[in-house]
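Have a look at these structures, which come just after this line.
Okay, so chain A shows up in both of these, paired with chain B first and chain C after.
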Partner chain A sequence: MSERSVVYLKDRQSGQLVEATLLDGLDRAEVEGAEGQWIPFLQEQLQKLKARGISKEKWPEHSHWDWRQKYEATEGLLAYRMFGIECQSRMQGMMLVTTAGKTCRIVSQRNKPLVYVHFLAAAPWNLPSIVSEPRFALVGSVMIAAAIHLSLAEEFSGRIGLHSLPQADDWYSRGCGMTDLGPDPAVQNLRYFEMTPEQAAEFLK
Partner chain B sequence: MKMNLSKEWLTKRAARDDRAEVSAGFFNLGMLGGKVGAREETSSRLSQEQESSRLAFGRLINLWRRKKGLRMDELADKAKIDLVELIEIERNLDFIPEPRTVFQLAQVLGLSNERLLQLSGNTNVRDLSLGQEAVRFAARSESVEKLNKNEQRALEEFVKFLAER
Partner chain C sequence: MADKRTMTLNLTDAEMNVLEQLSERKEISKTAVVRQALRMYQMLDARLAQGEKLFFERDLTKEKAELMVI
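Coming up: the complex of A and B.
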């Protein structure tokens, strides 16, 4: 059973904050339920992109993540945690992190442990690359805050790391104040970002 | 883990998040199968031989692991590779693993690194017989929970071939 915390997302239609739930430790039913909501919506939108002749290279890069597979591969493994944000009975974002085996690359934090964000995605109806009017904002900030809180709970002082998808590079850099360590050839040249304890404290301020 | 974020903080963050394209993690193709044409586009992009050799690579790792009675995380630990990358190798036809990962797996499996690099898509398949054997193996192996005798035999013969030279 997931542990639950009350959070808020911004409903972009009304401009108001609406109550949501952060789920720490998704179970199989929750992940499958989310896929059951995301995939049909995504398929419909991608068919529209295809019908408009938009090449696959321009499709959102994460349009083809299989969250159920990731859940199955990490189920029961203590070092992996899956988070979700639920609002208005739909999953608005999911994140898979690990608390073991990853250490900092930033020189000042070299080899210190961090929480590594393996995957993070907002629901397709929340993404500007998929819909002209995304539904909810703040999914990303809440998830990054959750990763930092987990890092603090693990006594990693708020250190986190992740490989960004290209469309999100600017948000991690300027929106979150993370350090950009550049393209990582070991991970398909995705840019690797880290947050120091100071940056984490600044983010949460 | 409980978390408490104030409305003031969220309101301040909302301005920065407004049209943010939030996402992280290395991606893969074709996970939606044929539902949005990803599979047919994969097929048109890869030749049949490339597809068979990638399939053979993933199946080889999967069957070898299951034959040894190892979970994915156990093989990842043993080979000192990333678990998520191992998932991609076993399940995603489009995924090309890093050369270092292939090398680590070659060490653990006791097989030719050069041949596994070809199978995995890191280098072109130069050995005609490798391409043919990969097609044959991919056709003969099936994904089931337990190795049946056919799979076992297919695996043993393919491993024997790869170990030659």
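Coming up: the complex of A and C.
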């Protein structure tokens, strides 16, 4: 059973904040339930993009992620935590992080432990790149805040790190204020971003 | 926050010294160091049980050395 706390998402239609639930420690039923809603919706939207001749480069880069497989690969391992955000009875986003074995690369924080965000995705109906009227905003921000809070709880002072898909580079850099440490040849040349304790405190303001 | 339980840990001087050094270097409490170690050990044990091997690689030379885990 996951731990639950209240968070807020922004309804893009009304512009109002709406109450949602942050789930820490998703169980199998929650992940399977989310995938059962996400995959059919995503497939339908991708078919529409295809029919409109939108090139695959513009499709969401994480549309192939298999959250059930990620759950099964990490089930029962203390080093991994899976988060979800539930709102209006639907999973609006999911995130997988690890709290062990990853350390900082930024010189001022070098070798100090951090929370590493392996995967973070919003539900397909929240993605402006595939739907004309996306449902909720702030899913990514709430997840990054959850990773920072976890880092604080683990005594990591808010330090987090992640490899970004190219479509999200700008958001992690400008939207979150993380430090861009450049392409990482060890991880498909994805850009690696880190957040220092000071940047984390600024993000949470 | 998950419920926590307390236990007494008996360590030799050498073990305690290492724990204190890691705690200082990583700027986390000794409890957090032990928690990290447990997570890592469980993860390694699970991977090794699946028939995988653990290697360290030198960044510059890409030279690999297998780490034996009991």
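Please note the rule applied: the second predicted complex is superposed on the first by the 205 of 205 C-alpha atoms of A that agree within 3 Å, B and C clash if a C-alpha of one lies under 4 Å from a C-alpha of the other, contacts with A are read in each partner's own complex, and residues count from 1 in each chain.
FYI, a residue touches a chain if its C-beta (ideal position, glycine included) is under 8 Å from a C-beta of that chain, and two chains touch if they have at least 3 such contacts.
As the structure is a computational prediction, the values presented were derived from the model and not from experiment.
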item	value
Side-by-side fit of chain B and chain C on chain A, or clash	clash
Which of chain B and chain C A:L77 touches, first, second, both or neither	both
Contacts of A:S2 with chain B and chain C, given as first, second, both or neither	neither
Which superposed partner A:F156 touches (first chain B, second chain C, both, neither)	second
Contacts of A:T21 with chain B and chain C, given as first, second, both or neither	neither
Superposition-derived comparison: chain B or chain C, residues of chain A touched	B
Touching partner for A:Q37 - first (chain B), second (chain C), both, neither	neither
Chain B versus chain C as contact partner of A:K112, first or second or both or neither	second
Chain B versus chain C as contact partner of A:K10, first or second or both or neither	first
Contacts of A:A122 with chain B and chain C, given as first, second, both or neither	first
Residues of chain A that lie at the interface with chain B and also at the interface with chain C	3, 77, 153
Complex interface listing, chain B residues touching chain A	1-5, 7, 9-11, 13-14, 16-32, 35-38, 41, 72-73, 83-84, 87, 91, 98, 100
Residues of chain A touching chain C in the complex	3, 77-79, 99-101, 111-113, 153-157
Residues of chain A touching chain B in the complex	3, 5, 7-8, 10, 12, 17, 22, 24, 39, 42-43, 46-47, 50, 56, 60-66, 69-70, 73-74, 77, 93, 96, 117-122, 127-129, 134, 137-143, 145-146, 149-150, 153, 162-165, 167-168, 171-172, 175, 186-188, 190, 204-205
Partner chain A, residues of chain C touching it in the complex	1-2, 25-29, 32, 35-36, 38-40, 42-43, 46
